[in-house]
Amino acid sequence: MVLEGDCSQITSPGQFVNIHLPGFYLRRPISVCDLEGDQLTLIYKTVGKGTAYMAERKTGETLLLLTGLGNGYDLSCAGSKPLLVGGGAGVPPMYFLAKRLCAEGKTVHVIMGFNRQDEIFFEEEFKKLGCRVTVTTVDGSYGKKGFVTDALPENYSYVYTCGPEPMLKAVYKAVQTEGQFSFEERMGCGFGACMGCSCRTLTGYKRICKDGPVLRKEEILWED
Amino acid sequence: MGRLTTNLCGIEIDNPIIPASGTFGYGYEFAELYDINCLGTFSFKGTTKEPRFGNETPRIAETPSGMLNSVGLQNPGVEKVISEELPKLKKVFHKKVMANVSGFSEEEYVYTALKLDQEEAVGWIELNISCPNVHGGGMSFGTKAEDAAKVTAAVKKEIKKPLIVKLSPNVTDITEIAKACEGAGADAISLINTLMGMRFDLKTKKPILANVTGGLSGPAVFPVALRMVYQTANAVQIPVIGMGGISSAEDVLEMRLAGACAVEIGAANLTNPFICRDIIEELPIVMDKYGVEQWQKM
Amino acid sequence: MGRLTTNLCGIEIDNPIIPASGTFGYGYEFAELYDINCLGTFSFKGTTKEPRFGNETPRIAETPSGMLNSVGLQNPGVEKVISEELPKLKKVFHKKVMANVSGFSEEEYVYTALKLDQEEAVGWIELNISCPNVHGGGMSFGTKAEDAAKVTAAVKKEIKKPLIVKLSPNVTDITEIAKACEGAGADAISLINTLMGMRFDLKTKKPILANVTGGLSGPAVFPVALRMVYQTANAVQIPVIGMGGISSAEDVLEMRLAGACAVEIGAANLTNPFICRDIIEELPIVMDKYGVEQWQKM
Amino acid sequence: MVLEGDCSQITSPGQFVNIHLPGFYLRRPISVCDLEGDQLTLIYKTVGKGTAYMAERKTGETLLLLTGLGNGYDLSCAGSKPLLVGGGAGVPPMYFLAKRLCAEGKTVHVIMGFNRQDEIFFEEEFKKLGCRVTVTTVDGSYGKKGFVTDALPENYSYVYTCGPEPMLKAVYKAVQTEGQFSFEERMGCGFGACMGCSCRTLTGYKRICKDGPVLRKEEILWED
């Protein structure tokens, strides 16, 4: 979905927008996949009635959204050879991040994990940015068979990752460098007011929507 | 006197629009979006004696025209609220604020209320005896008239500022509880807190909320809120603050017709952070439309 | 046994979908639209000893994701229900029907239930002790455990068919009422009846409903219904029929997860008269999606 | 609003359709103004959020509606010179009725009552059918000043009327012949299931949506 409007609040990759959908009480948080001027690209998977409603929108329609939510990734830690690891619905924010890092002249390596070949998207887009791209599929139908952690390279300066919690945990355990991890949680407001998406960290309680969704590796406290 | 001016327990507020506790933090997230000094006042995040993380996540579920939350009174505890949050709050909000107080025992309620009563920024103490999301506390005080009266009296005895008691709708007879609180010295009643509800996740076959049940808010509960405000306003002499699903200036007027002297706005802040500012702007227009000159005389 | 087959107090029904009393008349309006024999059964319009016009109009108000009604038990009285309505019902519906009974005294409940118990077409007696729209009766029996038990026991003693007691959600502790009914001999519990609510007309400045308050139904109440069914199913050993805002096959499965052995569908019939037929068709598809083989074993 | 679809359930003027509007729980009952084959014309006044939503619909959109609801007018009683009296929102069903009566060769006289000139609609359409048309306005800004009852002719065979209850009552008292009166009430279902719109008549309790909205003059029981 490509939207046009005032996106001046979006300052970092890893931030999200929160979309009001008529007939649904809570907004849908979707991470920013790309931003060019006032043109915003969002990629989402149709999983429920809300995303189904989004998928039915036609060109020219208007949606109300809050933009620039969340802290986003801190690019200053990247080093020269950042590693970006995205799993499934965690891939889109990696694109915006890769684009910014490539623009800064970094050597970006992207690992994208999917279940099956038919879920894969954006491989070419990442390559066009100049990234080195590794795709893994759980069933081996494309790329390297296995999980993203089965495809970690030898050499990288820093890790940025986004994906389902089990993947984040596996990446956390597997990587050697510091890094930033983007988390998901059911949100109420999306801007820090309701405490609906709180989590415990080593540096205190954090709101995923406001103090996150990106946490630094060193502050993460796994709950189970 | 402006046409929206409201007297709330002896303190005049510019308008009757009050963001409800738990949906407005300590104000500063909203102050990034608009000047929150346009508000009548606001009720800050429910405060307890000790710091609380609250319930495990997920704490939020969507429902038709509403939402469930089971935050469970996450807050840094009264000492830190006073030392860290109130100074930040005072920078962005220059009117008297409403201090929302929760507890797990009468002593805790009294302790926290007394601490906040001594803060100059605090105009009113709102006693939350109706949180449905904490076990062995909160709501249990609000579902028995005797217990409600006891904690009300205990707090009232200690504090100097007006005491508002916030009631639970999860009761057979709201008027019985309201009258008990009035009799125990409450200066006002606010209602309704959330209705207890739940949702299931068909994929996991388990409740969506980690806490199993949560509090229902949003437009879905508005008719129930109107009914309980109406019943309460007809049962007590003290002012009644109406809340529950209010989402528009028209809803605010319906609450006024039900007998509310002011309104609190909760869940709507979460879906539209500008809603309270917008309602304050629209209220005079809607009052004109329905021939209402003064809020207080409606 | 079909995958939707349900045993309801010893009577096997083809599926767990039951239109709720007051939203399905005596069936024949719907029989003009589809073959209502696809239903598990249905609960016909609440019947009293004497004929009743019910409350004055307006009796209906719209709410967010729901509606209020204050019909007030309009019905031709049990004699005419038996002599005029049941013969017409039997022409279009060939399964056992659920007879919904209301009253204003224990004697009236017993009288009406006994009359309907003797009708061959009747499979179950559903005792409505929860109508919020009639004064001095209906709901008052459903808000006190003692009264609920008394009327349940009195009816149970006289009738031969399974007795389902329909409970009001307008109570502090639903499990207390449910346990009292179980102890008094109820064969099943059905819940929730409507939540008491109201709306105002800003033009007239008066309540929309002539009866002032009415009963809230529709998707708005679904989370409250799920919670009360869950609490009740965990508190009693007898079967629980879940209802309150169900509008889809997914909602039916959530109710099953909450502990309901069958469901009643109310307001949704009024906004989409085909909804029960549609849900019966969709239920196996949705069960496939979530890996549920048999309704009863879910 | 003109809709196209299966209208085979609509058998009589005076019947209504019940329209489902996304975001509103109850359907909106609107009387049939005209029907040509499968083309249905509805005229409604924007009074609340529901009708505002209807007014915003664009050509090509689809609405879900139940058709052919209510009893409608019985044309067999019309006699040779039927009088049709419509007030405000009660005018549209008079058009469908007039069309049918004119097609039967009746001499149709239509009285249309409005508050002000700017509310008037369909005067020309009625004339094109061959009706004699009298317009009244309360403020006298057009046609005869006053109420519809100030414009009753000397001679007519039967009365059909639709409009706000005070008008119906005035017509009831003023007319000399028998007639049929169409009533309004807040409805739940619109098809006779919920008993939301019951009224008392001299022939028993009636549901406005199913046994009505048209009542015969001889059965009407005014409640106050």
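Read from first to last, the chains carry the letters A, B, C and D; within each, the first residue is number 1.
Note that in this section a contact is a pair of C-beta atoms (placed from the backbone, for glycine too) under 8 Å apart; a residue touches a chain by one contact, two chains touch by 3 or more.
What you see is a predicted model; the values in this text were computed from it and never measured.
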item: Centre-of-Cα separation between subunit C and subunit B, whole angstrom; value: 34
item: Mean-CA-position distance for subunit B and subunit A (Å); value: 36
item: Centre-to-centre distance between subunit C and subunit A (centres being mean Cα positions), rounded to whole Å; value: 47
item: Touching two or more other chains - residue numbers and ranges from subunit A; value: none
item: Junction residues of subunit C - those touching two or more other chains; value: 61, 63-66, 218-219
item: Overall pattern in which the protein chains touch one another (line/ring/star/complete/other); value: ring
item: Pairs of chains found to touch, sorted by chain label; value: A-B, A-D, B-C, C-D
item: Subunit D to subunit C touching residues, read off their complex; value: 20, 24-27, 66, 185-189, 191-200, 205, 210, 223
item: Subunit A partner contacts - residues on subunit B that touch it in the complex; value: 22-25, 29-30, 45, 53-54, 56-67, 69, 71, 74, 208, 218-219, 267, 269-273
item: Touching residues (chain side subunit C, partner subunit B) in the complex; value: 61, 63-66, 68, 143, 170-173, 195-200, 202-203, 205-206, 212-213, 216, 218-224, 226-227, 230, 245, 250, 253-254, 257-258, 290
item: Subunit A residues within the subunit D interface of the complex; value: 22-23
